[in-house]
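In this document, chain identifiers A, B, C and D correspond to the written order of the chains, with residue numbering beginning at 1 in each.
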Amino acid sequence: MTTPPESAVQSPIASKATRFARTRATTMSLVSPLSAEDCQVQSMPTASPVKWHLAHTTWFFETFVLGRDPAYRAFRPEFKDLFNSYYVSIGEAWSRPRRGLVTRPSLAEVMEYRAHVDAALEKHVALGGVDDEERALEMWTIELGLAHEEQHQELLLADVKHLLAQNPLFPAYAPALPSAFGAAPKPRWHSFAGGLVEIGHSGPGFAFDNETPRHKVHLEPFALASRPATNEDWLAFVEDKGYARPELWLSEGFEVVRTQGWRAPLYWIEREGRWHEFTLSGLRPLDPTAPVCHVSGFEADAFARWNYARLPTEAEWEHAAQSLPVRGRFADTRRLHPERAPAGDDGLVQMFGDVWEWTSSDYAPYPRFRPWAGDLAEYNGKFMCNQRVLRGGSCATPSGHVRASYRNFFALDTRWQFTGVRLARDAQ
Amino acid sequence: MTTPPESAVQSPIASKATRFARTRATTMSLVSPLSAEDCQVQSMPTASPVKWHLAHTTWFFETFVLGRDPAYRAFRPEFKDLFNSYYVSIGEAWSRPRRGLVTRPSLAEVMEYRAHVDAALEKHVALGGVDDEERALEMWTIELGLAHEEQHQELLLADVKHLLAQNPLFPAYAPALPSAFGAAPKPRWHSFAGGLVEIGHSGPGFAFDNETPRHKVHLEPFALASRPATNEDWLAFVEDKGYARPELWLSEGFEVVRTQGWRAPLYWIEREGRWHEFTLSGLRPLDPTAPVCHVSGFEADAFARWNYARLPTEAEWEHAAQSLPVRGRFADTRRLHPERAPAGDDGLVQMFGDVWEWTSSDYAPYPRFRPWAGDLAEYNGKFMCNQRVLRGGSCATPSGHVRASYRNFFALDTRWQFTGVRLARDAQ
Amino acid sequence: MTTPPESAVQSPIASKATRFARTRATTMSLVSPLSAEDCQVQSMPTASPVKWHLAHTTWFFETFVLGRDPAYRAFRPEFKDLFNSYYVSIGEAWSRPRRGLVTRPSLAEVMEYRAHVDAALEKHVALGGVDDEERALEMWTIELGLAHEEQHQELLLADVKHLLAQNPLFPAYAPALPSAFGAAPKPRWHSFAGGLVEIGHSGPGFAFDNETPRHKVHLEPFALASRPATNEDWLAFVEDKGYARPELWLSEGFEVVRTQGWRAPLYWIEREGRWHEFTLSGLRPLDPTAPVCHVSGFEADAFARWNYARLPTEAEWEHAAQSLPVRGRFADTRRLHPERAPAGDDGLVQMFGDVWEWTSSDYAPYPRFRPWAGDLAEYNGKFMCNQRVLRGGSCATPSGHVRASYRNFFALDTRWQFTGVRLARDAQ
Amino acid sequence: MTTPPESAVQSPIASKATRFARTRATTMSLVSPLSAEDCQVQSMPTASPVKWHLAHTTWFFETFVLGRDPAYRAFRPEFKDLFNSYYVSIGEAWSRPRRGLVTRPSLAEVMEYRAHVDAALEKHVALGGVDDEERALEMWTIELGLAHEEQHQELLLADVKHLLAQNPLFPAYAPALPSAFGAAPKPRWHSFAGGLVEIGHSGPGFAFDNETPRHKVHLEPFALASRPATNEDWLAFVEDKGYARPELWLSEGFEVVRTQGWRAPLYWIEREGRWHEFTLSGLRPLDPTAPVCHVSGFEADAFARWNYARLPTEAEWEHAAQSLPVRGRFADTRRLHPERAPAGDDGLVQMFGDVWEWTSSDYAPYPRFRPWAGDLAEYNGKFMCNQRVLRGGSCATPSGHVRASYRNFFALDTRWQFTGVRLARDAQ
């Protein structure tokens, strides 16, 4: 078990207070277009109600920061189990698929809960001083709590989108998007020589335990596509009967296609012979130039095979991304939908933002991985099976949240996240 | 197919307007203790969100009354399918188990929908005149719409109770109930000679099609218990291991007991060795004197067998009830929970109100039954299989809604309605 | 609880021995076209392996007759639970859906088991004497055991048919049937005046407890079709899109149609635009003149509604059948498939044999019904819910097994039994 | 896509004929203790009937070898789909979970099918000559067919064991095993320096495509336990409540524990307070000294964590195994159950045979992996997701079948294979 990295200790207190306030306010702003009803409903067992996200991110600070302060009085003691997600060391979490049944506390009460915890936490931060280990750990835990809240900001958007997509009236969460589309740049291959490289996080700056330790990996020469595949690229796959040809698919993937009746990405909807797309701004004609989004890992894999290509490994992806600036279309653009690649850039584009990129790598511990100490050991490690790693962040990821070493992970059949695909291939 | 009974034609217009306003207002009053979140959630596939009840009862008037008026403009045309329950002749109803996913329209919009339809309907009623068949049919349909709304008032209460019972904090919908309990009168047997009797509705006054036609039935001599079984009676069954003795149960019933893990009525909760009961007023110690409530037909049947008795047939029940006044504890008492039988009454008590009484009769068409004409043929007839008849109304039934010939019906494993049991036996 | 009816006491011993030998031999002859593999497999949870039928019918005699004799030594004590069907008073029966997993004992061992029990039972029968109550009960129990074995003979045929129908090669159990078809007589209506009639078994002769007691029922005037509906009749229903019109169906029935994808009776198979039928003699072109077979109660009900008719109640059916001889095509014809109605008969034809006829009556206890005493109370009574009564026997029923008062029963969605439909309607 | 490796071309014809005859005879000998019933039943969807294994291995030779010979006449053309496992390029395989329903062809007919194909294949082999590419491919395909048949020999044993374990009488397939147990040697750690190593198959000798190509992997220093964990080791885990402590488990693994009610390895059975084990020789007291067997990957992972250790990666395992002779207890010992490690051996023992060893490696394509060409591309590649690699073979694996580079793979919740666990840990 590890102690928090030194880096966290050094972040200046003042900026932490600001960053805390800003992150919490961002969450509130995401909720502003939603009614109490919108915030209540859980549209499937793997999604959560918005109200739950609001409460759970608050619970996280209450439990792991304030809970260590004997002087702190819990807002309501019964929230300890009610808004626990999965920390068995903390207590018995309320059943996940039944989160949507809890209509009380109301949204308004949850907002009070947020305010209560915010006030208490701000006092803690204002105390200043990082002179002892206990205090350093607290500051690091707040940093973690902010990264955690950012993760839930993205989950919240994906869950809201899924909820509204269940509604036959296709309501909008955000202002309308443009409906005139230009042309996407042609993709090109960028080659990398491989060899014995290093990936994983090290050095200053916050990172999750699953990004560590930095370690050596041997890579054969490979190439990456300059941009993610677009809706137009995907349409060619659909029209070539890609969803009906088992030879393109992993066996388990084709079984899912068959039993779920998949014939296009999630949220593609055919209306009078033309494809539309449900976005957080409602239904609109499919933008052929935007990166394809809401495809599962199974679809990404089959699409790659159909292209006589493959998905990148996470090591290939990170090796290629390490030297790039972390710039791209994130949630702060407020478009909440992927868009056309910029023209005129010779290098790899859209590595960060727009869509999460499926890799071929199973989500597994890095060599010599150690989970965080104590209760937070449960944060990542216990999910390291039957999932695939995704990289780079999306249009729904908060700006500043991801980095080259960042590992997101979902099961291969997941489609409701903002997930796309960048092709890779072997090189000489 | 039948035309509406003459009776409906004769109900005075003025009282219809009043009754309409009062019934609609009652529904609104039932909703007043609930938040938008409470009104949104569907706690199981066979329950409906309160918001849906509010909209569907409105849809019923809009579709079957206003919809026949070419001058009427629908509030929102897309509600035609969205709030249809099961009328395939009207259109394709929105999937029942997915009602809770529709967060938009909001509760506020549904309230506007109610107001819009109320205003239009009041104008129709005020027009007066029952001078033609078309107009008479309209008046009858309004009467039906009110009876329909009353049915949904009770369903709404059962659904809210089920929803709140899913919440680990056991919130209350209604003010606290008393927690001091007296003693219930001892039950006695009342005998009936039987012979060729008549049951079913005839004559003036509204009735559902499933109560008709009045017809002859031959009954052997029988006896009914003077009052429904109480919680105390049921406790003896529980303590005699009634839930663990397959020989007491229908085979299918015991399979449900086993797979669902039933060991007491729904909403009985053991806390530190004592039985409590979840009520619409929250959790409280079990009242031993009140009629047992929230038992399935399977449990009622096993309990009767354990008592060396049986459930009454619906013909026996109706024959016994025909001569009694329709008086009892209905929803207008605002207790919303069954209570102890009155002392000092020599006859059958609590035949009406308190708890619906399971009969041994399958829900089947009466001889020469004809469903209503047109779209309303779907109201009752298509549900006549795999359900049992219940009689007498409950503490959640609107006062004035039931009568001796009234037939309620649910599957044998249903427990979330306000259902209890009155014993019967053969007599000489 | 009742003692066995006097009638059983009076059946002459000699004929009992003969009847026992003949019935047991008939079972063996039914198995002769089957391999050990055919006898092993359980094709669905509600079917049983043939080997199980062979063992269970033997177990019945061993348990209820020989088991009362202290001198009898069980063939293998572990069969007591292994071949118990559902008698909880006897012990814990082996899980029904897992019967097909028991490959040992082998078919050969089960045959030895049969021989062992046959020998012991023949000795018991040969003892003669019915002079005391104990002995009379034993003779009656043997009679019951034979009726029980006959029931399993029919179940065995239905289960074998279902098993072979799962095989993509469509193998045959019996010799080929003719494939030239004549014409079925036109159906006519036969009217009955109704009134206060009596149904149910009384008097000498074996009957199941569920056929008793004889009791009064009041019937309105009604009419029955002279013959069951034919495949040709049903084809008209199919071609009129009967399976796609929800207004013809019980709501629950149409849900089954939709989720199961029903579009014709079970075992109808379309090949190159023509309907075929899987029979125990393999696949052959559909015989338009034969009674339609392997339809569920839901289908029967919808078909009747499409005909502006209804299904008979069981009381109507029995009242009409009481005066008819119990003659018809039973399993002893060895055709094991229903056939065209005889021409030139003015009355009701095919009331017995060919196909079981669905009634509209739920399977319920008759007034004052008492199950048999002791362990055998479980024979019938505990299944009296969520099933419908069928009458008259089929081409797979042993000759001599049924009578006018005989009640068969299955759930409304059952199709693998030899079930058809005779229409009824109200009369003046 | 690749052509067959040159190695296959060089295997001498004579030995191929012998090896073919011997492998096919071994399969027959495995079936000899089984009845036709035993060979018919499919005890769960992921198991197959023995009869199916017999037919499918034959189908493999018929399809991929004889099917290329225009002169060959298929035994029965309808077997092409019936005994196809999962090759969509060949045709539509008969539904996997319904394999057990096919009682015809009988076992005897399948034996004829085997003889027919054996005779035809022996003729092909005898033709001699590997002088052209076509012929070389054929010889290689026969080699593959033999490796394929060996895989099914092990599956057959695991499936038979599972089937017999469903039988409440616990019948035996093989002669009794000893029931006196000595003591297992203490485990020690063996360290490896790691660095840039190579794994994967290359050079002469048959290997599956998934073992190729040989490639570089970077390993940190690590250590392996000298022997697999024993039942005694596992008992300590059980007694320390290992199955009730979620912190030891992958989250998904603990969910399986909870929903499946796991509390010990599959086939451990508690009788009167003592643990027994179901073996192919029937039920016997648990051998504390034998390697634990029939544990899932989830259990292996939790057990390792409880030991403050981890599972080896497949690269670690292969690196350690590369220098060892492929010796161990395989199926030719006829014990069909793992046994105590040999004493007095200083090195790694039982790396081959006894039990398959779970690794922490997801089953994924090696860098630059190419599936075999044509139809056989489906052999391995399409299963490369949501499975873990196992190494080393078991007591049910045919001798000669595995090698250091051999990759077996199953989902993490699989328990019916002969699977155990060897611990690993990081080293300096």
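In this text, a residue touches a chain if its C-beta (ideal position, glycine included) is under 8 Å from a C-beta of that chain, and two chains touch if they have at least 3 such contacts.
Everything numeric in this text was worked out from a predicted model, so none of it was measured.
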Inset, instruction - Using the contact definition stated above, find the chains touching both subunit A and subunit D. - result: none
Legend entry - Contact-graph distance - origin subunit A, target subunit C: 2
Legend entry - Whole-Å gap separating subunit C and subunit D, where each centre is the average of the chain's CA atoms: 47
Inset, instruction - Would you mind pulling out the distance in Å between where the CA atoms of subunit B average out and where those of subunit C do? - result: 38
Inset, instruction - Mind checking the centre-to-centre distance between subunit B and subunit D? Centres are C-alpha means, answer in whole Å. - result: 60
Legend entry - Residue numbers of subunit B (touch at least two other chains): none
Inset, instruction - Return all touching chain pairs. - result: A-B, A-D, B-C, C-D
Legend entry - Complex contacts: residues of subunit D adjacent to subunit C: 35-41, 43, 51, 78, 81-82, 94, 98, 100-104, 106-107, 163-164, 166-169, 171
Inset, instruction - Mind listing the subunit A positions that touch subunit D in their complex? - result: 86, 88-89, 196, 215-220, 246-247, 249-253, 360-362, 364-365, 367-368, 377-378, 382-386, 412, 426
